[in-house]
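Chain IDs A, B, C and D follow the sequence of writing; residue 1 opens each chain.
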C-alpha cells in the first residue's frame, strides 16, 4: 500500500559481532514494590528465588532467541524479548514463591545491552556487580539489624555513615552476634547462572539404565572475582548474574 | 572500585527530539500461543480485550515513564519499560479474561522504537497499520469460515489465493450469509487508545454532587485513515493502535 | 576469501528520512592557522571569500553526492565526502585568494551531521548561527579596534568584559568613529548560499539570443532570522551558512 | 539565546572502548580522476607515493587528534578530521609528486570507521585488504600488458575472464617476459605505515655526536598476512594500509 514507506523509518541497530553481550535489568520502583509486598529485610529468600527462576527461564529460551535472531542479531529483539520474558515469568511464577501473598500490581523492568570486547572487560564487569552486591548487602545487613533492634531508619543511617567494611563486620558481631561470613552465600555473593553439562540417568521400558550428558542451567552463589571460578568454567557461553 | 570503568562501555542512545515516537510490539510465537490456548478463530474477543487491557495499563503508566525519564529520554528505558509492563500485565490480567483457562506458559513480546518526524508520517504509519488490519481480518474471516464449513486449511488457502476484496466480501455473503461490514468494528478496524477528558461526577459526604474533568484512557474501534478522527481529536499526545 | 567476514563489522548508520540534514564544519586549530597566515583582524575578506568558494564547490557537487548515495543515503558518505571536498577545495583555491601568500601547511576541518525534524527547528538552528555570528563579530570588531589603537589583548578583554551590545556600538562610534551598522554585511550577517534559478542569455552561432533558466549557487549576506528571507525563498532545498 | 536548544539535537556517537579502530578511505570517482590525470597503468609510482605521503601526514597528526579528542573520543571528530587532513594533504603535496602536471580539480574521499574487538579480527581485516591488493594488481598487470600490446580493453577482459592466478602468472611470463614476483613490492603488497623507534644521531655546536631514539613513521611494502610481520612488530599501535 501507499502507506508502506513508513517501514523505511525503522533504523538498523545490529550489534558489533565478536563481543560479549551483557543484558542488565533493573526493577522499576522496586523500593515501593518490595515495601508493598512486605519483602523480608534485608533479604527475602523467596523474592530472590523468584528472580533466579525468571533468569533460568530466560536462559532456557535464550538459545532459541539467539538461534531465531541469529542472522540479524538485532539489538532490540534480543533485548526486548529478554525483558519481556523476564517480566511475564515474574508474574507467572509469583504464586509458587508467594503462595500466601497476592501480587498487588504487575511489576516492570528496564533493560540495557552493553557490549564488552574482551574477556577481561567481561570479567571486570562481573566483578563490579559482585563487589557491588557485597557492599550493598553488608550495609543492608547492618542497617536492618539496627532497625529491627529498635533504631529509626535515619539513626541507622547515621550510625553507618563513613564506616568501613571492618567496622560493619564488628558492629554485626559485637551488637547482634552475627558472623557476616556465615550468612548464606546467595545474599553475600549474588547468583550466577550458567549452563553446565550434567549426567542424566534414565531407565527405559525394558528396565535398562542409560546415562547421557545434558546441558542444564544451574544457579551458583560463589565468588567470581578470583581465578578459581574461571579455571573451573573455561567454556562459559552465557552467564547471568543477579545481585538483587 | 577499580572495576567501575566498565560502566563507560554503555552507549548513549537518546532519541531525536521533536519527533513522534512509535513503539511497536509483536508477540513472539503467537501462532503457537493462540493455538495452545485455543483462541477462537478468526477473532477471540477475550484475547483482544486482554491486549487492550495491557495497552491501557501501559498508557496509564506512560505519563510516569515519560516524566521519570524525561530529561534523559533514553531509548532503551522507554522501550524496555513498555515491553516489560505490557508483558507482566498480560500474565497479571489473564485470569480475568480467561477465568476457565489456565495460562500454560509465559508469553513474550519483542518491541521496537520508530521515530516519525512529521504529523503526516505518523498518520501514514497508523493508516498502514489499520489498512493491514483490514486486509488480514477480511482474509482470516474468509479462511476460517471455509475451514469451519469443512474445508481443509490448504483448500481454504487455494480458494482465496488471488482474490480481491470484493470477491472475498461476496464469498462471505453468498456462501455464509455474512455481511462483512456488519461484523464488530473491533475486528475490522483494530483498537485505538487515546486519552480523553471526560466528565466525572462524584457525590461527597454531604451529598453534594461535584463534576470535574478527568483524563482517562478510552478504547475506540474507529476509522483513523480518514479526516474525521483527526478533526475530532486534534490534540492527541499519545496513541496506541492494536490490530492483533 | 576467508577474510571477507570482516566486512560484516561495518555498521549501518543511515539517517532518519524526512528530516533537515545539517552539516556543520569547524576548522581545526584555526586560531593558529589564521595567525600563521597573518589573516587581517577582525575579518580577512580573502579568507572569508575562500571559505565561500569552498562552500560553493560543495554545493555544486552536492546534487551528485545526494544522487549518487541516494538509495543508501548513508551518514558517513555524505558527511565525509563534504568534509573531504571542502578541505581539498580550500588548498586548491588558496592561491587564487592569496596570490602573494604561500599556504604553509594543509588545514583540516571536523564535521558533524545534525538532523532537524521540523522547518521551525531548522530556522532556529540557522538563527542561532547568525545570532552567534553577530555577537562574535561585534566583540571582535571592538577587540581589534582597541588592539590596533595600542591596547594589549588583555587590556582589550578587560575593557569589553560585561559590556552589552549597545555599549559596544557606542565604544566603536565614540572612540573609533566606526558605525557598526555600516560595516560590510558579510562580516555582520555571515554568508548564506542558496541555489537559485537565474536567467542566462546566450548568443548562438547564427547570432540569435536565447534565454533560459539555470540553477546557480549564489552567496547572500542577509538577515535570515526575520520573516522576509523565508517569504522570498520558500522553496529552499539546500542551504549553507558560514559565519566564520 | 532562545535558539540554543537546537544544540540538543546533536547525537552522541562515541565509539566502543577497547576495540581496534580502523578508518578506511575510498577515492570518489578515482577512475575518472586517474584517467583525467593520465596516471600510468597499471601503477603510477608518483600517485602511490603521494597517497603514502598523505597517510604519513595523517599519522603525524593522529597522535594530536587522539590526544585532543581523547576524552570524548567521538566518532565524527576522528573520522572527519582524518578525511579532511588526507584530502588537503593530497592537494598540498600534489605539485611535489607531479611537478609537470597541473591538478585539474580537487579530489575527494569518503571515509568510514569500523571497530574490531579482537587482535585476530584486525589481522583478518588487514589480510583481507592485502589479499585484495594482490588479486587486483595481478589482474591489472595482465590487463594493461595486454592493452599496451595492442588488444582492446574488452579483448583483454575476455582473455582474462575465468583465469586463475597461476594462469595469469604464466601469461605474463610467456607473453611479456614479466616475472610477476620480481615486480616492485609496493605494487604487489600495498603499503603499510607504522610508527617505529629509529636511532637519530645529531651533532651539536661543540661537535659532539648525540644518539637518541625517535618515533618515526615508516612505509613498508611487505607481507602482513604471515606471522613474521607480527612477530617483528608486536607493539603496533596505529597502522595504515593503502592498496590503491
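By definition in this document, contacts are C-beta pairs under 8 Å (C-beta built on N, C-alpha and C of every residue); 3 or more make two chains touch, one makes a residue touch a chain.
Note that this is a predicted model, so its numbers are computed, not measured.
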**OP:** Identify which chain pair among A-C, A-B or B-C reproduces the interface of C-D, meaning that over half of its contact pairs, matched by residue number, are the same.
**Re:** A-B
Original post:
Counting C-beta pairs in contact, does A-D beat B-D or the other way around?
Top reply: A-D
Original post:
How many angstrom between the C-alpha centroids of chain D and chain A?
Top reply: 48
Original post:
How many Å are there between the centre of chain A and the centre of chain B, using C-alpha atoms for each centre?
Top reply: 31
Subject >> Euclidean distance of C-alpha centroids - chain B vs chain D, Å >> reply: 53
Original post:
Which residues belonging to chain A are in contact with no fewer than two other chains?
Top reply: 9, 11, 16-18, 115-116, 121
Subject >> chain A-touching residues of chain D, taken from the complex the two chains share >> reply: 16-19, 115-118, 121
Original post:
For chain D, which residues are in contact with chain B within the complex?
Top reply: 8-9, 11-12, 14, 16-18
Original post:
For chain B, which residues count as touching chain A in their complex?
Top reply: 1, 3-7, 9-11, 28, 57, 61, 76-77, 79-81, 83-92, 103, 105-116, 121, 124-125, 127-128, 131-132
